[in-house]
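Reading through the structure tokens given below for one structure.
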Amino acid sequence: MVDSRAAPRQHGSLAAPEQIHERFRRTRRATLDLAAPLSAEDCQVQSFPSASPVKWHLAHTSWFFETFVLERSVPGYRAFHPAFRTLFNSYYVSVGPAWSRMQRGVLTRPALDDIRAYRAHVDAAMLALLERDGGSTESAWLVELGLTHEEQHQELLVTDVKHLLSRNPLFPVYRASIVPEDAAASRLGWLGFDAGLAEIGHAGDAFAFDNETPRHRVYLAGFELASRPATNGEWLAFVEDRGYERAELWLSDGFDAVRAQTWCAPLHWVRVDGAWSEFTLYGLRALDLAAPVAHVSFYESDAFARWSGARLPTEFEWERAARDLPVSGNFAAPDHLQPCAAANSSGVLEQMFGDVWEWTASAYTPYPGFRPWSGDVGEYNGKFMSNQMVLRGGSCATPPSHVRATYRNFFHPDARWQFSGVRLARDSR
Amino acid sequence: MVDSRAAPRQHGSLAAPEQIHERFRRTRRATLDLAAPLSAEDCQVQSFPSASPVKWHLAHTSWFFETFVLERSVPGYRAFHPAFRTLFNSYYVSVGPAWSRMQRGVLTRPALDDIRAYRAHVDAAMLALLERDGGSTESAWLVELGLTHEEQHQELLVTDVKHLLSRNPLFPVYRASIVPEDAAASRLGWLGFDAGLAEIGHAGDAFAFDNETPRHRVYLAGFELASRPATNGEWLAFVEDRGYERAELWLSDGFDAVRAQTWCAPLHWVRVDGAWSEFTLYGLRALDLAAPVAHVSFYESDAFARWSGARLPTEFEWERAARDLPVSGNFAAPDHLQPCAAANSSGVLEQMFGDVWEWTASAYTPYPGFRPWSGDVGEYNGKFMSNQMVLRGGSCATPPSHVRATYRNFFHPDARWQFSGVRLARDSR
Amino acid sequence: MVDSRAAPRQHGSLAAPEQIHERFRRTRRATLDLAAPLSAEDCQVQSFPSASPVKWHLAHTSWFFETFVLERSVPGYRAFHPAFRTLFNSYYVSVGPAWSRMQRGVLTRPALDDIRAYRAHVDAAMLALLERDGGSTESAWLVELGLTHEEQHQELLVTDVKHLLSRNPLFPVYRASIVPEDAAASRLGWLGFDAGLAEIGHAGDAFAFDNETPRHRVYLAGFELASRPATNGEWLAFVEDRGYERAELWLSDGFDAVRAQTWCAPLHWVRVDGAWSEFTLYGLRALDLAAPVAHVSFYESDAFARWSGARLPTEFEWERAARDLPVSGNFAAPDHLQPCAAANSSGVLEQMFGDVWEWTASAYTPYPGFRPWSGDVGEYNGKFMSNQMVLRGGSCATPPSHVRATYRNFFHPDARWQFSGVRLARDSR
Amino acid sequence: MVDSRAAPRQHGSLAAPEQIHERFRRTRRATLDLAAPLSAEDCQVQSFPSASPVKWHLAHTSWFFETFVLERSVPGYRAFHPAFRTLFNSYYVSVGPAWSRMQRGVLTRPALDDIRAYRAHVDAAMLALLERDGGSTESAWLVELGLTHEEQHQELLVTDVKHLLSRNPLFPVYRASIVPEDAAASRLGWLGFDAGLAEIGHAGDAFAFDNETPRHRVYLAGFELASRPATNGEWLAFVEDRGYERAELWLSDGFDAVRAQTWCAPLHWVRVDGAWSEFTLYGLRALDLAAPVAHVSFYESDAFARWSGARLPTEFEWERAARDLPVSGNFAAPDHLQPCAAANSSGVLEQMFGDVWEWTASAYTPYPGFRPWSGDVGEYNGKFMSNQMVLRGGSCATPPSHVRATYRNFFHPDARWQFSGVRLARDSR
């Protein structure tokens, strides 16, 4: 049992002490900044079962440090509140019981202010620990994991809030903000890649998730990748060509979802007076035809690709194409949590990182030789490797420097509340 | 259409102008007082589909005055917010669309403070109207109805909050308060009533609901009524005699409910370290054996009565017995929203009013000759006359002077979140 | 325990021995006759949860005699098959476990022929018992109950088969048959009844169900009753007046059912090429406008009555009106299981018995002083006294001489698969 | 549209005319032979939503020939019954509407004898066509597909019947039969395979499904494969080690399924008097510890593998190992539809074909370059490529000569009613 709680050994080289100190402060503050425009009421509600209240995100990310770092590395550490161990456990069976996921929204107490105090308590203890140990301890890797975990919850916080506000017929504005002028969409080009063995997955000392490892070889036939994600304008053509009504374009489960959930357009598209608008965190606005389509499910992406005479890329094709690109793009900034049109360049891959997560044709399964992290955190990724599809590249709600070319995101094929879009692929001619 | 919105004509005599003015102020303030110990977060959440958020109660009761009084009686009245007409409509089809009952908890905007402003706006307009018209207008009856309506929502607010807080494993306290010492339960006696025709239902000029009319004759065989409601102690004996496991004691639908909802004790009874406690608005405390049992469903009450060798009274028997009693008892007071033991008198009916609503054996159906009120408010009671059972007498959460001997409350037979209990009856020997 | 299985004592006088002998043979044969036009496959299927397979009806009615008569009155009686005690127990908890109601259709074994053999085995033992005891034993009352029970299942068999065949797009014919020419509907008249005390419920020695007792007094205000049930033609006017779309005509639960179950006409009405047909046991045919409407729920009947400016009668009003009429009408005959138009008489109550069961405004609750039969058969009626509404008078699928003026049938308010219709009532002017 | 109904072009070389003639007769007769021990009642029932009635299997396989061959290749062909086109369409949207899958069991008409007549009608027309055209027509490929399709339904018929009979507490016997004596289980060995590129998928002229194509390269790391499937005895050790209770062994969705479906052992294991029996088509018998475990889901197989310190093989590893083995094993024979113990050889792969389908770690997704067949039959496989897992190798219910090393079967990860088992794999040391 002691062993099962030990920090994993495969953690590679980590940030220098002063860096981790600063990164900890910055990351924790960023979460609060995202919640700043919201009232205690906004932070309370779970608007559908897959979402969590903002308050719960704020607490759970603190629970993560308390449970996996402080309780193990700080002798005599005193928990902020004994009940929080259960209330803010998401799904770690090895840690003990967890409060029902469906009932997160019912916890009006602790109050938002109490959760802020909880964060401050954990932050103080963490900073003291980092000060004392200088990051050289065995827990340094867990701190890194905790910060990456916090970044993931920052993105979920944004998409959960967007869903919550979108359910409100008043279409509340998360934050008044300037967004760039609409640009024209760049012309869609195709980039070709030769057949051959590709090295897939993470290698080296930098932090990565267990699900990105081990690095291994995958043979790829020749393929082509679209130069940019599909746009709202292209999706509108699909809608107007009755794409949501033509069973022959869909996977069988996908068309069942269309009918059961009465889909007729992406989530957050709203028909107002005969024209399509989209609900954004900055309010309802005219649909930006040049911007990448977002909030579509895997099923819709797959049908759209078929309608387009193309297909989705596999996650290996995507990674092969992305591996030499700089990880830069439209990532999360509080005043621009919205995808924007590609620059009008040509002949290069645009927007591989940022703007929208890109659905792939790959089911989320373990890499050959995959081993989950040892200890409790082994539950982080591995146990979810069924019934989900891989997305790649990050979105406009992903914190900067969070993703990398080997990063695997995953959601169920009918999930639509993330900033999820589609980049087309096709076999080499 | 004009006619369908007219105020009903059968309203009888109403309070004098100065009285209605003061009663309006007092009633509206009482609602805010009940919400005062709660945070905006507490006021936001709908903890199960039959409950409503406190915020919604605060808004809907204002909507009632705005929709049924101000919009009709104040020329040029300007609604506080045009969307509220839909958002806070409960179920009045004739008024227009209503926001989904199941989705009341998702409306984090308008904020609680906005709802307070809404209340203030409506109150100012109402007081101006009452000032001007002196209550002599045709809307006076609707004002009376609105205040009675507000009182009903005060009770629902209390029971909804109790349910919400009870779902929280921290067992939050609504209000720190002193409650009386436990008393011993009075001895159960039986009061006899002779057979004969009884006059049932409301008559006269005072305000009453349409469902209490018309007054009519019902023939009653001789019966006996228990001198007080059943106590927690008596219910505990039922539990310990395996009452929840013995199908032969139950209605078929009732035993299905026991199994489907895994009932083994009244709602809000909590097993702590091998002993029964009860969750109250003042925290978790040892079960008060002498107090009336509360938070039991019709099904449980019916099974308990069968186990006791008795039965539930019909609503007519109850009304026959209550009609000459003073309407006094343990009604709602902010610091004592909890039933308490009967005084130790004997040979008289105790606690017919207050403490706990008493389930009757009567299905909620129209009285002979029943006519719903004309106009929109005709939807108030009549359309719910199926699948519910009648309760009588009011509870510790009912505002004082709200109920009367002819008052018919009604809930589905599996509802348990009201302060609902049971008084036994039996045929004359 | 012995006592709890004793035959009830309140059974009154029963048929003479030779009569019961003959009645037993005739009743048992009638059940087989109803099944005769059906294949083993037809007899196998449970087409919705409230229905039972024909095979199950054939078996359960035999189980009733085996369990309640043979096992108790025939020393050394050998059960046909030990597993049948559980497989064909409907809901008698006191008898032991019962096979899941929802899973009755999965029992392809025992085969239909085995069930016929089971019937023959039980019949032989029963006839030997009746021969020996001459009906003078204490079990005679249980035999009478068993035959009445069998008649009830004959009716259910017919309506269950009608439902099953109606689900088949081939609209199979149960039996080729001649039905009378369409007649014109008689003019609707109203018959008045004065206010006063009525004696309600069964009295005397003849067999009756426990739920019809005890006879007791009910005070009735003056009322009027329609001279005949509402017709398909009248119902068509309701449909064409958008009756199914106008919420104001409906109980709240009723309109929820309309939407959830997408009702737009009575069950078994079928729209063919722009005209209404009805599915009958004799095939699909043009809607008979003069015949009583059938296969409507309580909710629909209630809304129709409101639309008609009338109401449903209470079960007491119905019984008061029916008590002096002869129990004659269009009852079940294998070649005419279909309601037909009233004769064109006037000024009298027509079709109070037979053709269609008539929904009443009365919830199915116990009469004052009600005691279920003692012993196992006490579960027959009493435990279902919640959430159902009373129907009166029998239908074209009810065996002749089965019903009487005091007979209470009961179904849930949304049930439509019985031959259930509506007779209007109104208060005296 | 004409084009979309054309026979696919990629069909390769097919059997000689006389062979196809004989194969047609034999295959069609084999289906009837499987149904021979069953009554019309047995053939009627759909025991759960994923199953179909035997009668429906008999009809649908005939519908396939009628729709895809006869209607297109026989000028003036007269359909047996016009409604069958809809009633027995499984899911081919391009063919037209299909009767609801959930309602297949409600169709008591057409009778089983009518379906036999339908089969005879189709057989006569098919044999006349084969006689005339000698198999040289463009429809020859569709005939081959139809026969393969029929073989798939033979297996489903067997597993659906097994499920149906297993629901019956009488545990009916499908066929009295002799089964071999229990053997001891062979010792589990491991066979190693080197890393390298493997050619995966079907190539050549012989019939194969579109989902087995195109042949393509997959890079495999070194791996080892168990010499035989896991046995009931090994699974029993997993059960007794509380395998079904330990969340850490399971995928998250898998453990949810354990709880929701209350799994505690493989389907068809039955606890009798404290010992495990298994329900077989030959009745209930003591669990054969040496035989391969069957009727386990992917989730269970995955947890069992983790408990065993191993993993499931990918479908590519499986195919790599199987490609040079003869396709022989324990395939379907009417008197032995039950897995049996491996022979006691060592150092070779046993039972790769037959006995039990082997779950793989591979999600069912398209091969690189996959193209569904053109025309209506393109709906056969491709549209199901989500949310399912691949199984390989065939079972004791698979017709002989039906499978091959490249054959991909697929089911949802919680499906248990097939003869599905598990062969362990592990990485090379």
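Labels A, B, C and D are assigned to the chains in the order they are written; within every chain, residues are numbered from 1.
Note that a contact is a pair of C-beta atoms (placed from the backbone, for glycine too) under 8 Å apart; a residue touches a chain by one contact, two chains touch by 3 or more.
The structure presented is a predicted model; accordingly, all values stated were derived computationally and were not measured.
Trainee: Among all chains, whose Cα centre is located farthest from the one for chain A?
Mentor: Centroid comparison gives C as the farthest chain from chain A.
Trainee: Could you tell me the distance, in whole angstrom, between the mean C-alpha positions of chain A and chain B?
Mentor: 47
Trainee: Using Cα averages as centroids, what's the distance between chain B and chain D in whole Å?
Mentor: Computed value for the inter-centroid distance: 60 Å.
Trainee: Could you give the separation in Å between the centres of chain B and chain C, each centre being the mean of its C-alpha atoms?
Mentor: 38
Trainee: Mind pulling the residue numbers of chain A that touch at least two other chains?
Mentor: If we look for residues of chain A contacting two or more partner chains, we find none.
Trainee: Looking at the whole structure, which two-chain pairs count as touching?
Mentor: Chain-chain contacts present: A-B, A-D, B-C, C-D.
Trainee: For the complex, give me every residue of chain A touching chain B.
Mentor: 39-45, 47, 55, 83, 86-87, 99, 103, 105-112, 164-165, 167-170, 172
Trainee: Residues of chain C touching chain B in their complex?
Mentor: The touching residues are 91, 93-94, 197, 216-221, 247-248, 250-254, 298-299, 302, 314, 361-363, 365-366, 368-369, 379, 383-387, 413, 427.
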